[in-house]
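Chain lettering (A, B, C and D) follows the sequence in which the chains are written, and residue indices restart at 1 in each chain.
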Amino acid sequence: MSPTSSIQKTAAGFDKPIPEIGIGMLGYAFMGKAHTNAFKTLPYMMYPPPAMPRLVAICGRGESQVAEAAQRYGYEAHYTDWRDMLEDERVQLFDNCGSNDIHAAPTILAAQMGKHVICEKPLARNAEEARSMLDAVTKAGVKHMVGFNYRFVPAVRLARELIQSGKLGRIYHFRAAYLQEWLLPHYDLPFAWRMDKKLSGSGALGDLGAHAIDLARYLIGEVKTVSAITVAFVPERRLPIGEGHGKVTVDDAFASLVEFHSGAIGTIEASRFAAGNRNRNSFEINGERGSIRFDLERLNELQVYFVDDPAETQGFRTVSVTESVHPWISNWWPHGHIIGWEHTFVHEMAHLLDCIVNDKDVAPLGATFEDGYINAVICDAILKSAETKRQVDVQPGLETERLKNYETNQP
Amino acid sequence: MSPTSSIQKTAAGFDKPIPEIGIGMLGYAFMGKAHTNAFKTLPYMMYPPPAMPRLVAICGRGESQVAEAAQRYGYEAHYTDWRDMLEDERVQLFDNCGSNDIHAAPTILAAQMGKHVICEKPLARNAEEARSMLDAVTKAGVKHMVGFNYRFVPAVRLARELIQSGKLGRIYHFRAAYLQEWLLPHYDLPFAWRMDKKLSGSGALGDLGAHAIDLARYLIGEVKTVSAITVAFVPERRLPIGEGHGKVTVDDAFASLVEFHSGAIGTIEASRFAAGNRNRNSFEINGERGSIRFDLERLNELQVYFVDDPAETQGFRTVSVTESVHPWISNWWPHGHIIGWEHTFVHEMAHLLDCIVNDKDVAPLGATFEDGYINAVICDAILKSAETKRQVDVQPGLETERLKNYETNQP
Amino acid sequence: MSPTSSIQKTAAGFDKPIPEIGIGMLGYAFMGKAHTNAFKTLPYMMYPPPAMPRLVAICGRGESQVAEAAQRYGYEAHYTDWRDMLEDERVQLFDNCGSNDIHAAPTILAAQMGKHVICEKPLARNAEEARSMLDAVTKAGVKHMVGFNYRFVPAVRLARELIQSGKLGRIYHFRAAYLQEWLLPHYDLPFAWRMDKKLSGSGALGDLGAHAIDLARYLIGEVKTVSAITVAFVPERRLPIGEGHGKVTVDDAFASLVEFHSGAIGTIEASRFAAGNRNRNSFEINGERGSIRFDLERLNELQVYFVDDPAETQGFRTVSVTESVHPWISNWWPHGHIIGWEHTFVHEMAHLLDCIVNDKDVAPLGATFEDGYINAVICDAILKSAETKRQVDVQPGLETERLKNYETNQP
Amino acid sequence: MSPTSSIQKTAAGFDKPIPEIGIGMLGYAFMGKAHTNAFKTLPYMMYPPPAMPRLVAICGRGESQVAEAAQRYGYEAHYTDWRDMLEDERVQLFDNCGSNDIHAAPTILAAQMGKHVICEKPLARNAEEARSMLDAVTKAGVKHMVGFNYRFVPAVRLARELIQSGKLGRIYHFRAAYLQEWLLPHYDLPFAWRMDKKLSGSGALGDLGAHAIDLARYLIGEVKTVSAITVAFVPERRLPIGEGHGKVTVDDAFASLVEFHSGAIGTIEASRFAAGNRNRNSFEINGERGSIRFDLERLNELQVYFVDDPAETQGFRTVSVTESVHPWISNWWPHGHIIGWEHTFVHEMAHLLDCIVNDKDVAPLGATFEDGYINAVICDAILKSAETKRQVDVQPGLETERLKNYETNQP
């Protein structure tokens, strides 16, 4: 009897059986590993789980590699063509961890086949492609999520709760920088799909900036305008095999100014050329009654400041977001026993399974394809602003009702 | 076909089959959960694993709770008497996560039955009890480990490697404080076994101090003398059920001075009354050529200072111990994607399994029962010093050969 | 015999007499106090001083207040009309610590009268006014300095030296935010000259942003383009006396994107609405071979990262910029004994006196009126960009020779 | 008219004349410079000053050096024999910045001549010598202060106020380490008076430890017992002139355990061998309702934690102790404009002058010779404990009344 099947029956002390959801995974690299780990961990850590993920199949281009991945992670089957995997009727949730250029087609087909879908970010290479994906899942009526996993950092969710509860008052500033460094010359990385606009859509923007933009929307609200610059510091790179160089057609870094519909202003930037910044997804928020600072490299901490503290002992508090009162933490360890980066996916997948089996809304706790689409609209606007050297209005072109909410509502 | 059994055959691309080790777990609370998570995670994260842990059985006093734990974690069987579990021939490795008063008997029996053993720290309630356990495993010839999991923090192992390689030169100072706060009056915790000397042996000393002492030995070397004070700030606590109070017979905190055989001096202390310190297992080491600082609440970081850096840019470096060159990290994620506290157990169990199936030495990477025994000798010396108000020599009474090493060798 | 006159003769062991420079100070508030403290401190701390400042006269609008200031600080005379003070022949150096609207007229007159001048920042309310001041001092051939005192923070100068020496390689990013909070609603500050565009020129931009812009130029080089947004969160404020409200006609905050002639990009922003940020003049610089971080609230520290450090111990170093090898520090205390904010002025004034008596160049160590003028051009461009919602080229309109240097030279 | 004499008359707006106190300074090196700077700065920064310090005379062994010091700092006269200086009737306050071996004799004589005295720490080389100094000033009825300047760090005084007000509740722990590094081998410092027990009394103990002990008493209260170890890592050092080596007869480092009369326990240690620690005078205090952390290298900050903060936003606050509500700060700059190490002396001297001219108590804000004596008693007890390897009771042997207060009162 396998560990998982035993729990599928009933969690002891819980009176209804735990349903099973069959997973079909596309990709076995960085994201495939992270998502798979989440599916394997959540049944006993997010206990009792909303559903038991069944690792039905994994798909990748290399036959031997995908076979090994299946064996390593315990997938029941493996495929080299995603169409074949989607035909597997046991697959109920399609998890797209592929590269940006294979986000749209498999995801749309999966939705059309009635499967729920989760797709890694950025949802698509541009807004048009993202819109087609949004339209497909909407029409199909399936659950859909984009892998903006940083919504599932306990400290980030705490930040949102503090803002929503009014503890920071009116928000004035959002200041985000997602900084990495792996394209610096001394790493001598060869040309890769991430540097090719046709395959990736954009560079630091879609890879890192999309995360920062999603947090901006999640925490502050909808974006009204953007002004931006992009730059490619290293215009071409050696090919990984053979001689010659590939032309870098995406941004190595970008920086943007944003105006929110709420009246707040912000800066959002990202770079792969920021030495010493391993994975610094950081933001600072300043409001009428307090401020917040976050840095992903210390993801268990949130810096919080309140203007209402007594003058003599005011100061940013370094909150260890590991208390049982903090989001998701009661599933883990006693306070001060920090959790790792990959736990964001455990929270994310548990939420998605909950939405699927209990027909709950993925948003706003998680990001939907609508969020993925609006994110792509903003990315497109950033690229357009950089090109035209003008401020650009963000106009997702969704229904009037929703747009009205943009302008008047808090996130 | 279960995920695990599929990997047991062979890891693709590896030519020898992966052996299986049957686990018998005593305890399903904090430590039981942490150890179990490690056994479930290591097969695909420490890939290919040295052995496949098979979750044979779990044991606990409460029938319904242990049954649920078995179901939750995927143990094949459950027991309420550890003697019964030890009779289960599938159990090859006995994992003792019970309270301190049931460390000795089950572990000794398991060893006598030829099972490998891992026991949570402190190994025993005092040196005498620890010695009996050491003698048992030695006589049985089984592998033995004590759960000093902080040896398996990548940053801690890096600290040791820096010291061993001579990069800090001669060591002068070791300064350790393991601070928690959960016994502070405002938490109003009731009386528990941890406050009863008969059940626990000691208080903050055995619970937290033992960790700090193990790191002292792991990093700096053997201890020659100790001077200590202990204190009980709250002498009695309400009983959890019914009326009345229990007398606290252990230390709420202790502080000690240590002299190492190497000539270094140090302070080691621990408290459960240090407000704001969630789980601050911290140390600083000062050597002839550099210094190191560590804090478990930021366990992915190590502060390192080198006197040989140019004067104008000398300073403590905040090293993100998440590089692929760092211990164990290549099993996880790209740099800057931090790992959690529980990953220390993943490393620990992978090491133990490797030692078992490949007949390797558990020490010095891991702590053996010898380490657990010497640790207990030091704890006893601390209590004796506090009582007699005198400096006490640490004399483990092991074989001459080993003692000679104490005094002359580096750790 | 007064302390100062005794030193004017000769510093013991130094063979030439120390000349005296007569100071005429306009303003006795925040900046007047800081400048005066510098003049009183430098003779014995920057020993032997290049010149002995003689506190000739101080000028302010309120008779009794300026009389008390003269007595408090030891000025020999006081005036209520700056024209009268400038007539005092003992005044050789005119120090303008007045509000922005009285920067131009007294400074121009002083220069025309052949007096050396130092003027607090921003040099003027706009580029045109600044240009008239630059033209006046150039024509008069006097020494001129703008009070960009943060060039005189040892850590900032160290940052520059690291960049200039090539230790960071090619610079990619500059990221500056000068954040204060004193206009937040809960402080309930009344309307003041700093909120009136006619008197101040701009708000956070000229007050705080000008500092950040000066550091951008000092550290990275000349700015090619800017894109910006400005915002006024609180559009009107109660008058300090009587009833009614004044209209805030300046920016409460601004954010800008900059492209440097060198190819680096950056963000520069400032706010007076950033709760918890007392005086956070901060920047981060990312280069090909390293990075730097600075925060004025910890002005004795510089964070430095080098890509050439061994992978296992790479990390931002927290450099205590208090070593005798660091700029100016040998004048102060042993390392680790930190210096205060006001010492920047001690360094600044010592440099200015040195330039005056030894006919040295104020730039690049200090900022000249040319720097003040270019700074104003950039501020004007930021305001224009915010208004037109377009990227704006920075074109100071100086001589061709200089402009060529802009584009090709390092700072 | 000199700056100072003009203020001696009356501060404008204040109706009584400001008295003058004549200073006689012994020593012109590190401490002489720091004290002199304080006397020169306080008249206009601690405005209006309680008294105008008049720099009457400075004394040192080298004729030419002391002559230059007089000229540099503006002392009216200089002497090479302190007896001669004490004969100068203009000297009203004798400031002893000499080495430890000349603390007693000149200070006692000064007191006998009716002069007020301030003496650098440690007051004396041992308790006996300190007692003779205490007896002398008591008998003479003059004001007396020991230079424990860290009582005058605004953050330290804030810490005391928080404790005294009960905001931390009952205190459990005090954990202090004063760490420097200048004796590390790579500095290759020659033998000096500080390494000779006859001249200095002790090493790191009297130099650094005395500061930590004073803060322990200032913040927590009187010490009941100590247990200690001392160590000399480098037993001899080359002579500064000629050949040969001097024997180091003092401690390079010490560590001690302390029990306070209040029931709190603590560790106090100091070292000159702690690489990377420039001047890290640090402590942590844990109480029933909160905690405090301090580090002199960031002396403008205090870390404060309160158990009463809401669970979700609890954390150490980094308080910028630069608010006008903080001790002494209203004399300086707006918040966030940090002050330097030497400002502690400005506060200290202003307090001493205030006590002299207004006959106020030096303690508890400042340290008296009684504090200096008790401090020496504790230092002696530490040395005795290290020698005897036993816990030692601290018994100052003062009057019964005072001792009773030790045991029952808060500091």
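Odds and ends about this structure:
The working rule: a residue touches a chain if its C-beta (ideal position, glycine included) is under 8 Å from a C-beta of that chain, and two chains touch if they have at least 3 such contacts.
Since the structure is predicted, the reported quantities are computational estimates derived from the model, not experimental observations.
Number of steps on the shortest path from subunit A to subunit C, with steps defined by chain touch: 1.
Of the two chain pairs examined here, B-C and A-B, it is A-B that is joined by more C-beta pairs in contact.
Centre-to-centre spacing of subunit B and subunit C amounts to 55 Å, using the average Cα coordinate of each chain.
Rounded to whole angstrom, the centroid-to-centroid distance between subunit B and subunit D, based on C-alpha atoms, equals 43 Å. One simple way to say how far apart two chains are is to compare their mean CA positions; for subunit A and subunit B this gives 36 Å.
The set of subunit B residues that touch two or more partner chains comprises 277, 314-316, 320.
Listing the residues of subunit B that touch subunit C in their complex gives 158, 161-162, 301, 304, 306, 309, 311-320, 323, 325-326.
In the complex of the two chains, the subunit D residues touching subunit B come out as 172-173, 175, 177, 179, 181, 184-186, 225, 227-229, 231, 233, 253, 255-257, 259, 263, 265-267, 269, 271, 273-277, 284, 286-291, 305, 307-308, 314-316, 389-391. Interface of subunit A with subunit B (complex): residues 1-4, 6-7, 11-13, 30, 34, 36-37, 40-41, 43-45, 47-48, 55, 64, 67-68, 71-74, 76, 180, 182, 277-280, 296-300, 320, 322, 332-343.
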